[in-house]
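In the two assemblies presented below, chain A is common to both, partnered first by chain B and then by chain C.
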Partner chain A sequence: MSTPKAPPGTFTLLYFAAATSYTRRQHDHLDAPLPVAALYDVLEKRYPGIRAKVLSSSALTVNLDYVDVDEEGARGEAGMVIKEGDEVAVIPPVSSG
Partner chain B sequence: MADPKQAPHAFAGEQSLSEDSLYVSLTYDELDAAKAMARVKSPKAGAIVLFAGCTRDTFQSKTVTHLAYTTYVPLALRSLLAIAREVQQKHGLVGISITHRLGRVDIGEESIVIAVSAPHRKAGWAAGEECLEGVKARVEIWKEEWFEDGGVWRSNRDGGVGVPVVVGGTHEEDVGAAGLG
Partner chain C sequence: MDMFTTTDTHLTFLRTQIASTESQLRTLKAQLAQAELSAQTARQLHEAYQGGFPAEWIEETLGALDDSSERDIARKLRQDGGFEGAPTPAPAAVAVPVLDAGGAKARAGRWPLADEEYKRYGRQMIMPEIGLHGQLRLKNAKVLVVGLGGLGCPAAAYLAGAGVGTLGLMDGDTVEVSNLHRQIAHKVRTVGGMKVDSAVEFLQAYVKLQTFASSSPSDLVCSLNPNVKYAPYRSHLSPDKAVAIFERYDLVLDCTDHPTSRYLISDACVLAGKPLVSASALKTEGQLLVLNNPPRAPGDASSGPCYRCIFPKPPPADAIQSCGEGGILGPVVGVMGVLQALEAIRLLTAKPPAPPPMTDWMDLSMDSTPPVTPEVKPTMLMFSAYNTPQFRSVRLRSRRTDCAACSYQATVTQHSLTTGSTDYIAFCGSTTPLDPLPPESRISARDFARLPTDGSNILIDVRDETQYSICALRGSTNIPWNGNAEAWVQDAVKRGVMSGYEDGRERFVVCRLGNDSQLVVRAVREWLGSAVRVREIEGGFRAWREGVDRSWPKY
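Right, the complex of A and B next:
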């Protein structure tokens, strides 16, 4: 179940819960570098409908820190860029307990 | 893997983080309340409050067959420890232990055990409740609720009927039989 290391020039995107169900995958390796602001467009192209069904209600982490996707988009050129080897994750609404 | 019908486990035993008198962990094994209590026992603590969250057999009067939990291990452990630290500081606790179970959890079994120890009982009661609510709101763990006709992802935030569970290219019905059933 452990995720294979990202091949050179890529980062790892992890899916959980509803994101796994929608993509039918546990993870993808996507080309790096990629601005955070562009990530959801890349995913929408790959998995049509995922933005409305999953991403709009999910959070995003980069290397275990939460990132505000809208805020990064608003920063334009200065927005955060996902780098080679980074671990990014789509975090759907949680349901422990 | 002993049982081919069981979904694969990401690890064996327990994954944990600890700091001073705080202990948080994740495990696919059955939870042990006595162990959690022993972890927080101290001559400085006049009260230990123990909470066990169990799997209920219905959701909005629909029969639940079992639950299955998945997680993002390093992030969930980090969030659990942050909650434990916040609650300990706020209520002046002696110790906290939080363990959440992963994988399949059958009806009547525990999915979470929290033990807090405090000098006096009042702080212990309050801290135990706050700790659980913090975990439910924030920790990156996801519950699949399985009914006789398939599974849904639950969301603590909206509390409504969840999104159907589909795993790894397998059709939903197949998952119940071959994946998680």
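Right, the complex of A and C next:
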């Protein structure tokens, strides 16, 4: 199934692998703008426990570019901000084969 | 005409003559130099041009021609000249003896490949991406495939098919029937045997007699590609041996199934200086990463990231699902394995950057700027079989400056691997075994089977809907456990199986293996108190099959 376009004022958050299993969703539309450093707090509120179980070991991309959440957090005000219409993805490692 | 004038004229004449002759000599010398150079080039070309490959490839080609593991060019030349017999491949301790199945041995002399090889590889060799040069590079290459499951089987098959010279095959597992839907190298006859042996048989040949030297060609049933040398390793990769083994190869494929092996393989690739093609798959999704490429020393920022740079923290141990737990669709993991083989071929046959064009032979003395290596852009390819789009390519970061394996601050070293101070099991964590419930909260499958089936008790099956629809006990109610105690109890109350628990009826909880059922009993105790009479069936449906109903489907 394909992801619908983000409604005005939101961005698309895609879930993969364990993130899909945990949220039982393929995607969410969240309010933009949102600093990258604040994203995991928003998700933890929505899906209690997701930070420890999924997010802390996942990769994050914004518009198909890898983003380091800790590094963005360390930059404070200068940290990256997710904009309206962006496509963000939570990519947990898949280790099975 | 006075005497002086005559002398002057004579002198001028002589000077002119000398100048002219000197000029002619210079021209002749230049012509000689050019002729000598042409003759040398022609001679080199004549020697090197064995069927269409340029002189600059000769060294590499001679290496590929040599059947022995050490690439002794001098000896090869002697063999070409007929001074020495063709080398006989010596069966090394770890290497499987090379089979000669129908004249695939490269003939010394005119052509770098055997007649059979031109036929076999022709379809890929006629493409500019491969060509003769690429084929010889493949023939010269040594690739290690770690893990011969759903990824390793197709990856090894395509690499063997493409003519990779040496294929290392490593796995400590045995073949199970549940592997066969996706692990294409294995078959019913090899169930119970080592995966490595099963794979070698599929790829190379079935050798009836272990005394290989005495077996005649009729004793061999040749399989996919007997030209490849296969090196079997019948055990799992251990940290103390990893780097030493990797050093024997040009490239490593991670086809394993657990975070511990993923971090170990990545670390060993950094330490051994080898590029890594890593893939994984679960359910309907897969990931493909080319890591540590180009392989440079730890701290060199011009190299690609390692696995730790992308995933510095392993997932919590209790959140890890295997293919047996989460499920896997054969073609999904197959696609990922095939993509690994493709990336390996691309890396092995990548052409070195072209030297600057030489317009004039006189320019040989001039300084030329060294060719610039194109910057490698590391990416991760993600495959989601049931999403649109199915493929997504993510641009990755460069090496982490604080990476534990590939930065200047690296704490993972060959020493820490050998001594075991880099502990992968501790790093990835282990699942804490469930504290078993007290005996009064449990019942064995046999005892449950003896209970009356008159509606005096309630059976709750907590497997997911898909598993419930494969097989279920009549009269059971399906309320899937999803890890959230409160949500499950609410669901159970809503579905009526927890309402009116004062009626004295007992609730029994069953799942696939007997883990989730214990969590459910705990959840009920936590949210509804001890008034509810609830027990779980020990060992779930596995115990049910073993102790009660032998015909119960084992999936």
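Throughout what follows, the second predicted complex is superposed on the first by the 93 of 97 C-alpha atoms of A that agree within 3 Å, B and C clash if a C-alpha of one lies under 4 Å from a C-alpha of the other, contacts with A are read in each partner's own complex, and residues count from 1 in each chain.
Note that contacts are C-beta pairs under 8 Å (C-beta built on N, C-alpha and C of every residue); 3 or more make two chains touch, one makes a residue touch a chain.
Because the structure is predicted, anything quoted here is derived from the model rather than measured.
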Assess the superposed three-chain arrangement around chain A: do chain B and chain C clash, or do they fit? clash
Regarding the shared-chain residue A:56, is it in contact with chain B (first), chain C (second), both, or neither? second
Give one of first, second, both or neither to describe whether A:93 is in contact with chain B, with chain C, with both, or with none. both
Kindly classify A:26 by the partners it touches after superposition: chain B alone (first), chain C alone (second), both, or neither? both
Just chain B (first), just chain C (second), both, or neither: which does A:68 touch? second
A:77 in the overlay: touching chain B, chain C, both, or neither? Say first, second, both or neither. neither
First (chain B), second (chain C), both or neither: which does A:16 touch? both
Check chain A for residues that touch chain B in one structure and chain C in the other, and list them. 1-2, 16-18, 24, 26, 53, 61, 64, 89, 91-97
Quick check on the complex: what are the chain A residues that touch chain C? 1-3, 16-18, 24, 26, 52-54, 56-57, 59, 61, 64-66, 68, 89, 91-97
Which of the residues in chain A end up touching chain B in this complex? 1-2, 14, 16-18, 20-22, 24-26, 53, 61, 64, 89, 91-97
Going by the contact rule set out above, which residues of chain B touch chain A in the complex? 8-10, 53, 69-72, 74-75, 78, 100, 111-112, 132, 135-144, 153-158, 162-170
What part of chain C is in contact with chain A in the complex they form? 147, 149-152, 255-259, 262, 279-283, 285-287, 310-311, 313-316, 319-323, 326, 328, 333, 336, 380, 382, 384, 386-389, 392-397, 482
